[in-house]
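Shared between the two complexes below is subunit A, which has subunit B as its partner in the first and subunit C in the second.
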Partner chain A sequence: METYFILPFTLGMLFLLIVLFIKYGLWITKLSHIDKLRIVQSIFTRRSWDAIKESFLEGLVHRNMYKRNPLLGYMHMCFAMGWFLIIVFGHVECYMYYGTLAKAPWYPIFFQYYVHEWFPGERFMTNLMDFLLLYILTGVLLAYFKRINSKIFGIKKTTKLKPLDRVALISLWFIFPMRLLAESATAALYGNGGFLTNTVGQLFVWIGVNSSMESMLWWGYSLSLGLFFVGFPFSRYMHIFTEILFIFLRHYGIKLKKQFNSYSRIQVYSCSRCGVCIDVCQMHVANISNNQSVYILKNIRDQNLTDRKLYNCLLCGRCEQACPVRINLNDLRISQRIRATKEFNSDYAFLQTLPVDEPQMIDSKPEVIYFAGCMTHMTPGIKKSVLKVLDKAGVKYQFMDKEKGACCGRPLMLAGQYEAAKKLIAYNREKILESRAPILLVSCPICYKVFKDDYELGQITIKHHSEYFLELVNQGRIQLAQSEKTIVYHDPCELGRGCGVYEPPRELLRMTGQLQSVQQEKVNSLCCSGSLGDLSLSMADRNVIKAETLKVLLQKNPDVLATACPLCKKTFVKGVDVQVKDIAEIVAEAME
Partner chain B sequence: MIDVLIIGGGIAGIETACSLQDLGYETIIVEKEKTIGGHLNDWDTLFPTHRSASEVLAHYTDETRKRALTIYLNTYVISVKKQDDGTFEVHTSRDVVFRSKAVVVASGYKLFNAERKEEYGYKIYDNVLTSADLEVKLKDLKGEFKTPTDKVPERIAFIHCVGSRDEKSGNHYCSKLCCVTAVKQAIHLKQLCPKAEIFCCYMDLRMYGPGFEEMYREAQEKYHIQFIRGRLSEVGENSNGTLQLKVEDTLAARPCKIQVDMLVLMVGMESAKSTELFAQSCGLKCAPNRFIQPLDHHIGSNLTNVEGLFTAGTSIGPMSVFDTVNHAKATAFAIRDYFINTAR
Partner chain C sequence: MRNFGFSTTKSRTIDYGDIDRRLISYILENEPTFNACLSCGSCTAICSAGNLTSFNIRKLSLQIRLGDLEKTHEEIDKCMLCGKCLLECPRGINTRNVVMLIKKGLTIFEIKDKA
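Then we have the complex of A and B:
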């Protein structure tokens, strides 16, 4: 009669399993045919092992989160790791007593209720289980605390909750304290339990406890578990299992597409709303605090994303870099923009009718095809320097967009104008392939990114001028003179986080001057605020963000502020006294 | 203690000093350059009459000499401090500390640095000049007019609003004198090179002053200067040193390319850096456009939020020569009122 209390737990768990089975089943079946093939082909390879390893490190230990924010990482680890271990050792304990694992799932969960007598290893197991419970309880305590004062976690703002999240959250808060009370009540009545439950049990004896009270507490424990399981699929806790699924799919080589699909959905549900992305966002400087990635993902789930929030983002990628789950936040946002954008009249037929450029004086296959892009044409100092270096090194090059050129397509892509971007990509791609040059040289990281991500150029290697110039130096085709000038380097978002180029510009700068380090650099570098990713941000807000970035960059009063992106240069050059120069200009000046 | 210390020996400063002398006050002028006259030294002719700037300058040099005005050249102001008794203590790059009953800020303006609009190619392409460079070139002209790469120009373009009415360069305001200057310079060049085709790319043409609109009409009808409504997006250089402009013609609603031999950028006016610096030292209020904020736009544009501190000329915003002269004269009267009121 008393054991009816297992019902809420059992029903809740059944419900959860059924819902998860349906949801994950649907998501996986909706993956593209190729993605499914990828899964089948990699499931029995090393990739699965790597995925298991990562699931352990990120899903349970929360290593990445720990690196960002130790206290927050510890809290998440308490819940994940603690709960995982308590389930595992619950089963071990159950096996030790019954000698079989084929017991109904409620036996290991409510073991203390069923088993009161001694068995070999009982002392050790109960103490271990108590220790794990205590471990989780410290996490619960931190969670309570975080709701009251998120600042001690290094979080300025915590995420807002919707009703079902609240149900799940509150039941989660109750689960382990209830377990403690229930086990302690049993310990009080039967004298079992470990260092924690037995001690609390003594207190219960002192108050006076009877079996109906004990039963009530076990009911409470089961109810909070059941309620949590029912709320689970509709709350943010979906991330717990979805993250694991995501880790496996990622290891199987599935990539996020520009169009929102099933894999995008899996990524959206993998977000634990830890809030790490909120703090790294530079928009706070301009008092914009409703558009950070965590809110966007939540809005996608709740289907109430507004354009205002969606488009007000620099797409600098700082949040993506910081995300402990490694969700592709930038591309997810772009995919939403593609979804939200109405196709405008993007007729580029005129490109085909453009008169052909005067034939360039190249007798054979060029070494490189150079694409300057709109932004480099708008910063002729950079263009001139790139050409000077190429000429001086005797590089045989074709200047693809010397007179007439089409845009690379990245600005359209950032704005969600996917179809329009595709037309430009097709046009440029043909021209690049026609040149038969083995290297595509770009002087704008914005172009670089789209060439790398969306062009499918096959054997052609894409090189930013910093990478190519370094190669020229290493081949001895150009020589650089070193000066005494101090230089700091600003990593452009699209070049650094976007394409992973951090070292070549720095190496060149070390050869030409005295490179100083800055506080937030490389993956953590700040955005200049000039980004084309955000067309709704006002100039005043941009200037506020820029000022903050400059403060970090100019802390050591360098002689030169170097960057490798024409847009960053244009953004910084207004309003600072320090010289702002592109790598190309610095190299051209330093050439002997 | 002297009556009035005037910061700046341009036409605003000298005119204020002359008028104050007429009213019986003793003044000194502190000028950071080695000569008086400020920007007037750099101009060839003045709109709307094409009168030589040196003529106007000569008037002020003569006045200075005749009236024996006290001027400290090569001296820049470090700080202006108001004392408890209402007088001022002015620290300069010289060792002496000046004390005066009132101070006039006639520190003028500076020109927009066109290098900040890199897409226009200033200091990158040889044949890109600013309007100020062109004035110097015209002033020193001997013989035929040629571009910096030594060619008699066949096509010339003027770009209006460089660094004015431009959010991206941080200046929202209109510098108001560049429009008419462009028209004046375009006519001048057409007179020098009658065969040249001349284009002016503008947003709006603000011909606010007497004779300005007439000049603009003359530029079109008599000199056949072509006015294109649209901004320049970027400049490229051809291998022969000529320039290719990508401009939008908003009236024809289409983009166009123009090949020219020389490009003139009509740079706007900005508050002088030194003005901002010493404004901070004495709590002088600056407007969002960084020029000094007048106490009252309508009936007290010579007054500031600091009593006893006055402005004259372009320290409060872009002004033409004649506006500056008038403003400076009014400043002298405002100071007289101040002295009469404080003596009471």
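Then we have the complex of A and C:
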């Protein structure tokens, strides 16, 4: 029987379904007990509906990707949306003809082959199906071009492929052209088909086509489908369904943990290798083009991630911010670092033997407890300014690490030394709680981040000095004088993308000078290159990256380059003519 | 031996044929910038851990170069990886990476402190 050609497709699909069932089953069962409870509790709530909406917008329409890169978004949409609709309308068509949906799955897929005669709505349906096919084919064409020359997409580099990816990719490229040829051959023989297949069919008539050629073409279509399905679970295309699973789990409130777990794996497999993260990474200017997030995720999947690659990343968060799939790229990378260094964490036994501070007076409960942190101690100007503002405003404060203080733990966290960081956190946390101050004031975003994410300080609000000073101004406790100086503001990564603080520093700057905007700011701001997230970037490379960042920041020749992070300041100050100042210094000066 | 009324210190001669070079080789291989260290001590002067304890990163690196690993483990565990040294180093050495490599090297080569 010539209809044996359905076999590759059917077997491939069966195989795919079984593998997917096993894989996803395992991943979901390996989620923590609490996470599973979360799923059960949210499954019949609004959250599922929101997840469905997002799956449609991101999984099919690729809205986020479209916003980043319209051509790329269009290409992905052609495949996803086009294919989805072809399956849906294939079933509709099949139902219209057979009057039932209970047909074997190959009927809707090879419908043209089985049904040649007219039925009510046939004209409309065949033309619709042709249109969808054409739509996908434009995507396929773009995909060909992208492989040949990724620059037309504005992408610097596409990802390299492993053999199974290549099998899946090539069979995917063949599927729709084969479908076109097969349907056209049938159209040539039986005169059915819509505007596309019928026209191509005319060509076939002209060449002369017979039924063995027709069945060969259907075999080709079925084979490419089958091959794609078999390669699918082992290729990057796993992202198609995994992304949807990820969207649902995210909506159910599941969060990435410090330790790499099943949910982390689901995130890793959700990466579509769109390459958006490659483009936004600043490492390129230092000619480092092998450690961007997409490569790291690929290495995690292939289990061949080297320390060198793992540690050479600023953890600036630009890629995470840009990722259309919203993968937690920073924390994923940190979880790999935690795994790589778990055998050698310090216990900081010396903390127990440090002298205890002299007891605080019972009724002198401070308004704020100020933690300067290591980096602020490196920039005495910032420290002095913060204290000056506090004094002028008459704030009753306790200086937590005036003489002797332990590090906040964030640098350890960035290096993956999670257990070690916990020791410092416990030590500092006790001191903070002991102070009974309702506000913890910090002047370094690096500290801010870890206080916010990992300290569990309960009722205590954590405030960066820019937030706190703005409050003091609004309460009338300090007055600022405005000057004519032009200022640009650099968003520190940990403060902006890390903690979402963008406006308070800007408001203060508007009160003290003429704030200018920069090309890449707020969520898109560039990293100064000084980040503690990178352990192996050389000074020379850092300087190259810094120079690029400065170019963007200083485009309008401002009088002052303002920032809100002692490390950013320290990084910029070396080798630049313009004045580099922290918000604290600017506020302190404006009070005179 | 006769008692002259004073004592001499134990010989500190180093036998270069006998040095445990495993750790220093491992560090240099993975962080070549460490070669440029001139033992200026800037890192030690601002060190956060040095402020709290007797930790001395400059001394420790010298000892590692000389293969004297008796107390390396205990010492390196005091570093909090804060990164101040990185900012102060005139040679632009990735000191934090050096610290991580020391920690990892000690684990790889199973080098333990002498009791």
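Observations on the structure shown:
In this section, the second predicted complex is superposed on the first by the 580 of 592 C-alpha atoms of A that agree within 3 Å, B and C clash if a C-alpha of one lies under 4 Å from a C-alpha of the other, contacts with A are read in each partner's own complex, and residues count from 1 in each chain.
Simple rule for what comes next: contacts are C-beta pairs under 8 Å (C-beta built on N, C-alpha and C of every residue); 3 or more make two chains touch, one makes a residue touch a chain.
All values reported here derive from a predicted model rather than from experimental measurement.
In the superposition on chain A, A:Thr512 makes contact with neither subunit B nor subunit C.
Within the superposed three-chain model, A:Asn64 lies out of touch with both subunit B and subunit C [touch as defined at top].
When the two complexes are overlaid, the chain among subunit B and subunit C that reaches more residues of subunit A is C.
Applying the stated contact rule after C-alpha superposition, one finds that A:Val573 touches subunit B and leaves subunit C untouched. In the superposed model, A:Thr242 lies in contact with neither subunit B nor subunit C. Look at A:Met539: by the touch rule set out above, it reaches both subunit B and subunit C. In the superposition on chain A, A:Lys384 makes contact with subunit B only, while subunit C stays out of contact range. In the superposed model, A:Leu424 lies in contact with subunit C only, and not with subunit B.
In the superposition on chain A, the residues of subunit A contacting both subunit B and subunit C are 377-378, 539, 570.
Per the touch definition, subunit A reaches subunit C in the complex via residues 307-308, 311, 341, 343-344, 346-348, 350, 354, 374-375, 377-378, 404-407, 409, 411-412, 415, 417, 424, 530, 532, 535-540, 567, 570. Considering their complex, residues 30-31, 33, 46, 48, 51-53, 76-84, 86-88, 92, 94, 96-97, 100, 103-104, 106-107 of subunit C touch subunit A.
The residues of subunit A lying in touch with subunit B in their complex are 377-381, 384, 403, 539, 543, 569-570, 573-575.
Within the complex, the subunit B residues that touch subunit A are 116, 118-119, 121, 124-125, 167-170, 233-237.
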